[in-house]
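One structure is given below, represented as structure tokens, and several questions about it will come after.
In this document, chain identifiers A, B, C and D correspond to the written order of the chains, with residue numbering beginning at 1 in each.
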Amino acid sequence: MSNEVRSLNEECGVFGVWGHEDANQITYFGLHSLQHRGQEGAGIISNDEGKLIGYRGLGLLSDVFRKPEKIKKLTGNAAIGHVRYATAGSNGIDNIQPFLFDFYDAQFALAHNGNLTNATTLRNELEQDGAIFKSSSDSEVLMHLIRRSDADTLHEQVKEALNQVRGGFAYLLMTSDCMIAALDPNGFRPLSIGQMVNGAYVVASETCALDSVGATFVRDVNPGEIVTISNQGLSIDVYTTDTKMAICSMEYIYFARPDSDICGINVHSARKRMGRQLARETNIAADMVIGVPNSSLFAASGYAEESGIPYEMGLVKNQYVARTFIQPTQALREQGVRMKLSAVKSVVRGKKIILVDDSIVRGTTSKHIVRLLKAAGAAEVHLRIASPPLKYPCFYGIDIQKQSELIAAHKSVEEMRAIIGVDSLSFLSESGLIDSIGLNLDAPYSGLCMAYFNGDYPTPLYDYETEYLANLTAEK
Amino acid sequence: MSNEVRSLNEECGVFGVWGHEDANQITYFGLHSLQHRGQEGAGIISNDEGKLIGYRGLGLLSDVFRKPEKIKKLTGNAAIGHVRYATAGSNGIDNIQPFLFDFYDAQFALAHNGNLTNATTLRNELEQDGAIFKSSSDSEVLMHLIRRSDADTLHEQVKEALNQVRGGFAYLLMTSDCMIAALDPNGFRPLSIGQMVNGAYVVASETCALDSVGATFVRDVNPGEIVTISNQGLSIDVYTTDTKMAICSMEYIYFARPDSDICGINVHSARKRMGRQLARETNIAADMVIGVPNSSLFAASGYAEESGIPYEMGLVKNQYVARTFIQPTQALREQGVRMKLSAVKSVVRGKKIILVDDSIVRGTTSKHIVRLLKAAGAAEVHLRIASPPLKYPCFYGIDIQKQSELIAAHKSVEEMRAIIGVDSLSFLSESGLIDSIGLNLDAPYSGLCMAYFNGDYPTPLYDYETEYLANLTAEK
Amino acid sequence: MSNEVRSLNEECGVFGVWGHEDANQITYFGLHSLQHRGQEGAGIISNDEGKLIGYRGLGLLSDVFRKPEKIKKLTGNAAIGHVRYATAGSNGIDNIQPFLFDFYDAQFALAHNGNLTNATTLRNELEQDGAIFKSSSDSEVLMHLIRRSDADTLHEQVKEALNQVRGGFAYLLMTSDCMIAALDPNGFRPLSIGQMVNGAYVVASETCALDSVGATFVRDVNPGEIVTISNQGLSIDVYTTDTKMAICSMEYIYFARPDSDICGINVHSARKRMGRQLARETNIAADMVIGVPNSSLFAASGYAEESGIPYEMGLVKNQYVARTFIQPTQALREQGVRMKLSAVKSVVRGKKIILVDDSIVRGTTSKHIVRLLKAAGAAEVHLRIASPPLKYPCFYGIDIQKQSELIAAHKSVEEMRAIIGVDSLSFLSESGLIDSIGLNLDAPYSGLCMAYFNGDYPTPLYDYETEYLANLTAEK
Amino acid sequence: MSNEVRSLNEECGVFGVWGHEDANQITYFGLHSLQHRGQEGAGIISNDEGKLIGYRGLGLLSDVFRKPEKIKKLTGNAAIGHVRYATAGSNGIDNIQPFLFDFYDAQFALAHNGNLTNATTLRNELEQDGAIFKSSSDSEVLMHLIRRSDADTLHEQVKEALNQVRGGFAYLLMTSDCMIAALDPNGFRPLSIGQMVNGAYVVASETCALDSVGATFVRDVNPGEIVTISNQGLSIDVYTTDTKMAICSMEYIYFARPDSDICGINVHSARKRMGRQLARETNIAADMVIGVPNSSLFAASGYAEESGIPYEMGLVKNQYVARTFIQPTQALREQGVRMKLSAVKSVVRGKKIILVDDSIVRGTTSKHIVRLLKAAGAAEVHLRIASPPLKYPCFYGIDIQKQSELIAAHKSVEEMRAIIGVDSLSFLSESGLIDSIGLNLDAPYSGLCMAYFNGDYPTPLYDYETEYLANLTAEK
């Protein structure tokens, strides 16, 4: 799937550091390496001797903090930050995280990656009880639960609140005294801890962010854990023992950066193994293997190595595509005007091509790419997808909640092949995917959430149950 | 060589179209595919029934034309455009092309890719004769020569002027009646003609721009030719027959887009052959081949295929690096904070690596990348460069005129190896490069300019003679 | 007092319209005429068949709504808007009004002009009970009180909430069904109702806003009233009968636009009467009367007419002073470089001048202006102030809460005269001010709040009591 | 005439300083006080030990130099600057002055206030001789003439060039060695010399700019003079003795800042005398005198003083009108929505009003204002214009070259009265204007250019002769 038309949207990345005099810049650089997880807004809140100071804005991190003084004002030895992908209808500045809460007796910063499945229910209950929300984001529910808790200590209040929310969540909180990280009982979203040379602790959605600030990997946060980092060091507690590991398989397939390790598995290597396995399962004779740039290049490379078919650059992506770009009119597109992706005529002309992509969402991108290749003279195009057919939405933090948009939910492989216009179409098998990732935990699907492919959700769906499961049943 | 620290700067790209009602947009999309040839400024001048209308600005094309009305105002059936890389000291708006000249009796638009070697002499002579230049750009000299010519027709005036300028030039001019393309006698810079479905002619610095607007390749402009496109169609004349083909070899190695064909040779394929040849000339046993993203990935892929050593993604480039980005301080860099390029620890740790890059300019980027790999745990790094050592500056349109900055001009390969900190260092041979490109013309170096590598300039250097040749002699 | 260095800051203006298809634009133009009441931020919330839609931003109204689509999106037949002057420490976007509250069962828009004196107490109580505030603004307290009320109808809930807040407030609320205006029991801040040609009702902080949208004045909102405007028309209720009129005298002296009528008294005419009365009380022989532009020009004109001394333009204000202007360095200021205000040498040279200003806050501006006049050659400068000495802070919505900054609180008239450097200094008497305004209500000080001048606050000060009254007592 | 709809546009202001270490800032502050002379663009060129450095841009001075570093880069002890009003069709950045010319042997900076009447002829001749212009501005002609002169010294070359251009011009040039000021033989535009405390010389279009930088007035530049300022001090020469003083009367009536002295006459005082004289010539019994803000307030004040009728503020101008403001639709305007100017109902209702304005161009503004007053309840409105009817265009630097737009060129006073909708209309007499200004030189019209009113142009019109005089004759 090419980036420009991505239909799978990661909803966030979080980063925090405790104990470094350049906490603001560390967080900035850490978030920068998580920018692929959300491009609609970004924010940082720092902790200057107990006083929390924040700034946030719409757009890329580099847009939000275009003026260096915006960063400089975030003084102090600790900070947490967030990059956000805005879901439909909620793209205002009010929803950009981290949230900063000022109470007469305390301050809180809160950043969240994931999606709660009982947020609507909780929010309505809270509002009936007089609560006023400052955002339309589900993430804020946790703060209300904490403030309304009768528990004696903040630590107990947070644990009590965590036991009330459901779904996928990697939470990062900061108070005047400490930074708190917590992961949902299924560990749907990744969250890792690292340590810098000076001893400062770092928490991040992906290990690539640890690397980008020179931190050494310490350990992942485990499902059901609540990790507290303060001037007294790091302490780990659990808020629930009712856990069942089910890390999102799509992180490996598409979302995460290739240099990240998720649950100990390097993403790039997993993708190359998916490509190799795809070749073993689906190969045919051909002149060349081409990957869809940039996300599928290494699945394609793995495919090429396993099959012995040369790996060629048959598609070129314009690296200067900008947000504000003028788009060609329909009339010009029909005359062959294109902006983002070009097929290399002298490479593909007359050739039988194996085209490798990581996934198919709506099928429109694949169709467009195949047309480009055929228009450039390709004799045959055989599409190979390095994951199984994508049939079910995600409720744990990925923005594909409308099943009606998923082509594989409604069409057979042969129907898809005809729509996309390829000479053949094959997908990686579910077991092939599980083996390629190689997590091998003693858990269903080896510890992966495979619900995208088989509808087997590891948890009840709560607020989404009626609405979506009705659809699911109907469509299965 | 990674893009962010590129030290070789292409100075321009030109694009023109004659005979299409969406000439403004066609030119915009054509220029967009040439954006890699210059990012400091851009402009378009259209021709609306004989009236020339222009707009230009600093920055990327998408910045200059951020507001759609800027494009919409450029009405008419013909247009020429330019993307510019600003050379030092001349980065004001005055130098952004195309230039628009308004005379009481005519209008002219002028765009230039290349560098004149006798511009200073010509300019001084013209100023002594009362001329006033509107820019500090050499490109403007041609306009003054045309206007001062006593020849009877504009066509003869332009030919007379072209015979007075020296160096590398691909000129694109437009008057109320026609569009004129002209190439220097050595064809240092590429320039190709295409035709759209509706018959409109297109001229562009690279064929990728023809493809991007759906145009079919017609032919390249040849050295010494002057091509005139008007409502009467296309006509080709020569302003000189004293020509000797010497297309810039660096276009193949680094500058041009991989999907372009230059003199009939596909750039991507040439780069892959350079990688294969490099493996044949310099291979050693290793665990993996890694290319420097993005420009060297396919030389690396060719190397891997030829050597049978696996091709891995050991370096990841952050795709969100922005111009306005805050840079890490030296102190943070020393703690391992990095922004643009990361080494993938779990891929490279403990491995013997062959690192492929396309060229070495100052050596600083290579040194930085090697450090990244070693810090990530690489056991050995063997650097292989897919071109010969770069020892001599270019005077025909590439911005590396200071020989003192070229590490290979002053250091032996062993000295460079030690400075860069690799376990071994090898370069592609000159003959290996010539064979890999495979131009095979009946001309010196098969029709390539190889002066970068051997100092054998195809022409006298005129204004640069004294200054630079003194250096060259001293340093050889 | 010149505008650039104003030290008295009005904290807000509100505007609302119900029943006009161009509600968004009506509100925009209405707010535009209230821009003098707050320049730090602005916002508008519209009501499109029960759905509230809002936009707000930092800066002038014209900056916030620079892009016309921002206004266009605010569809519907009703809207309320707000212009805000940010008080220290709370100048973020979060505090820009109107606030939009989204509940599972309702939406509310809220705009507030004034200052609550028991907000801190109420807020702490609410937070102790689990409430989370979205802003640091006192204005938000009312919404929490409404939502937590047990009353049966919204109307009763709002009345209950209004009875809990203290201080100065002109509130404008909007729900899906109606627009609600309410004024504090002392009517500290002005609030007027008008009607447009098509029958639409308009509510605004000043009558100039009614005029600017072509509305006819209907009546003022009276202290203790709650006015509801809906599709059923306008209905007036009272939430308290314990009222005592005390409109802010500073609205007449300085804040309000001269074309506004406040409590039936035209502001321009009141200012001219203050000038006339000032002449009666303090006149001496002189060559000319000069007013400090722009706010004191008509007090000066009244003075000149009463005294028969010519009225001259001896001070010129640069009309292009911008927010982002570079300021002269101290060294340049000492050489006479000035930007905002100039004295006209050929007018003032050698002359005995009566300089009329509306008030003195810190005295620094007066000192600066006198120096300008003397440097331009004025023989004598006699300063006449068209209000009594300003000695006490305001707690009802004007930003001069630090008494320590008020020069008249600490210095005698003679001391002030010496500091400012004038030949004589006189103030309008309290009774002269009351007579000039001419409100003549059966209430203390004829219905004016004169606390600025005599410390006689019409209400208890609640949260400010301890802190400020201690100061007051000490300093009296 | 209110500022917003001004139809008379001054075309420029110039400022220069020689011999001050803060030359860049001095020029910035000087230009700031000349901003009323041109708002479409601004630029500054400094001289750092012989090296000229420039920056210019579109918009107000504060927009062009929004970033302080733009000013800081303009280092050196001398600088010249320019504010420009763009005439139709030539509003690009290329025409923003000062122009900076870089020759192989010299640099020049050039700023111009005025309009040449033989520029087209000169430009065509120069282009026929091979010249290329960098702008469409007439101002550039002088530079070409200087560079093509055969005279021996720069001083003689400039004098030779000045003798070739015709029309109105105040030129300010700077070379590496000196600053040169020159005025046309009729002195159409004002130009004054001042001196700062440290001895630095300053040249400016108006004396208000001398005051704004703390400079003392030295003398005006006289018609036909060329003034050279260098490190050797100030020297004055004449390039022609064929001079006849004819300073633009409109500078006194409308353009210049009231605190400027032009030819020794203070502008504010002249305006007040025009008002007094207008009362003597045209007064009738009335309730009040109202001036159109801001330019006519002091003519109105003079009228009031002379007639003994009270001077009131019946019109209020919104001080926050911004360039980017959304305009009311026609439908809203018809409902009374207005943005810029309001009539004060409680002042004007039922009153007989004398409305004083400085001039009538198209009459549309007057018509609008009268409607405002009548809609606000004015019983009668008697319009009094403090200058004679404006019937003829200006060719010397003011942008009203289309006579067809001047209402007084086509309509009788009674026709105008009816169109504007006033109860009576009177103008100041020509002799009344001349007496009020009081220049009293031994020259036609006492040294004033009165062509606006009587068509008596002090010079031949050259390039404009055929085109415009034909019209004039026809229309007289």
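Convention: a residue touches a chain if its C-beta (ideal position, glycine included) is under 8 Å from a C-beta of that chain, and two chains touch if they have at least 3 such contacts.
Labels paired with UniProt names: A, B, C, D = Amidophosphoribosyltransferase.
In this text the structure is predicted, and so the values were computed from the model without any measurement.
Q: So which of A-B, A-C or C-D is the twin of B-D, meaning more than half of its contact pairs are the same residue numbers?
A: Selected pair, repeating B-D: A-C.
Q: Measuring between mean CA coordinates, which chain is farthest from chain A?
A: Of all chains, D has its centre farthest from that of chain A.
Q: Hey, how far is the Cα centre of chain A from the one of chain D, in Å?
A: The computed centroid separation for chain A versus chain D comes out at 62 Å.
Q: In angstrom, rounded to a whole number, how far apart do the mean CA points of chain A and chain C lie?
A: From the centre of chain A to the centre of chain C is 49 Å.
Q: Rounded to a whole Å, what is the gap between the Cα centroids of chain A and chain B?
A: The answer is 37 Å.
Q: List, in ascending order, every residue of chain D touching at least 2 other chains.
A: If we look for residues of chain D contacting two or more partner chains, we find none.
Q: Testing understanding: with touching defined as stated, what is the shape of the graph linking the protein chains, line, ring, star, complete or other?
A: Graph shape, chains as nodes and touching pairs as edges: a ring.
Q: Within their complex, state which residues of chain D touch chain C.
A: My answer: residues 3, 22, 25-26, 28-29, 32-33, 35-36, 39, 60-63, 65-66, 68, 71, 196-198, 208, 211-215, 257-259, 261, 266, 268-269, 272, 294, 297-298, 301, 305, 310-313, 316, 318-320, 322, 324-326, 328-329, 331-332, 335-339, 342-347, 376.
Q: Okay, in this complex, where on chain A does chain C touch?
A: 93-94, 101-105, 120, 123-124, 127, 129-136, 140, 143-144, 147-148
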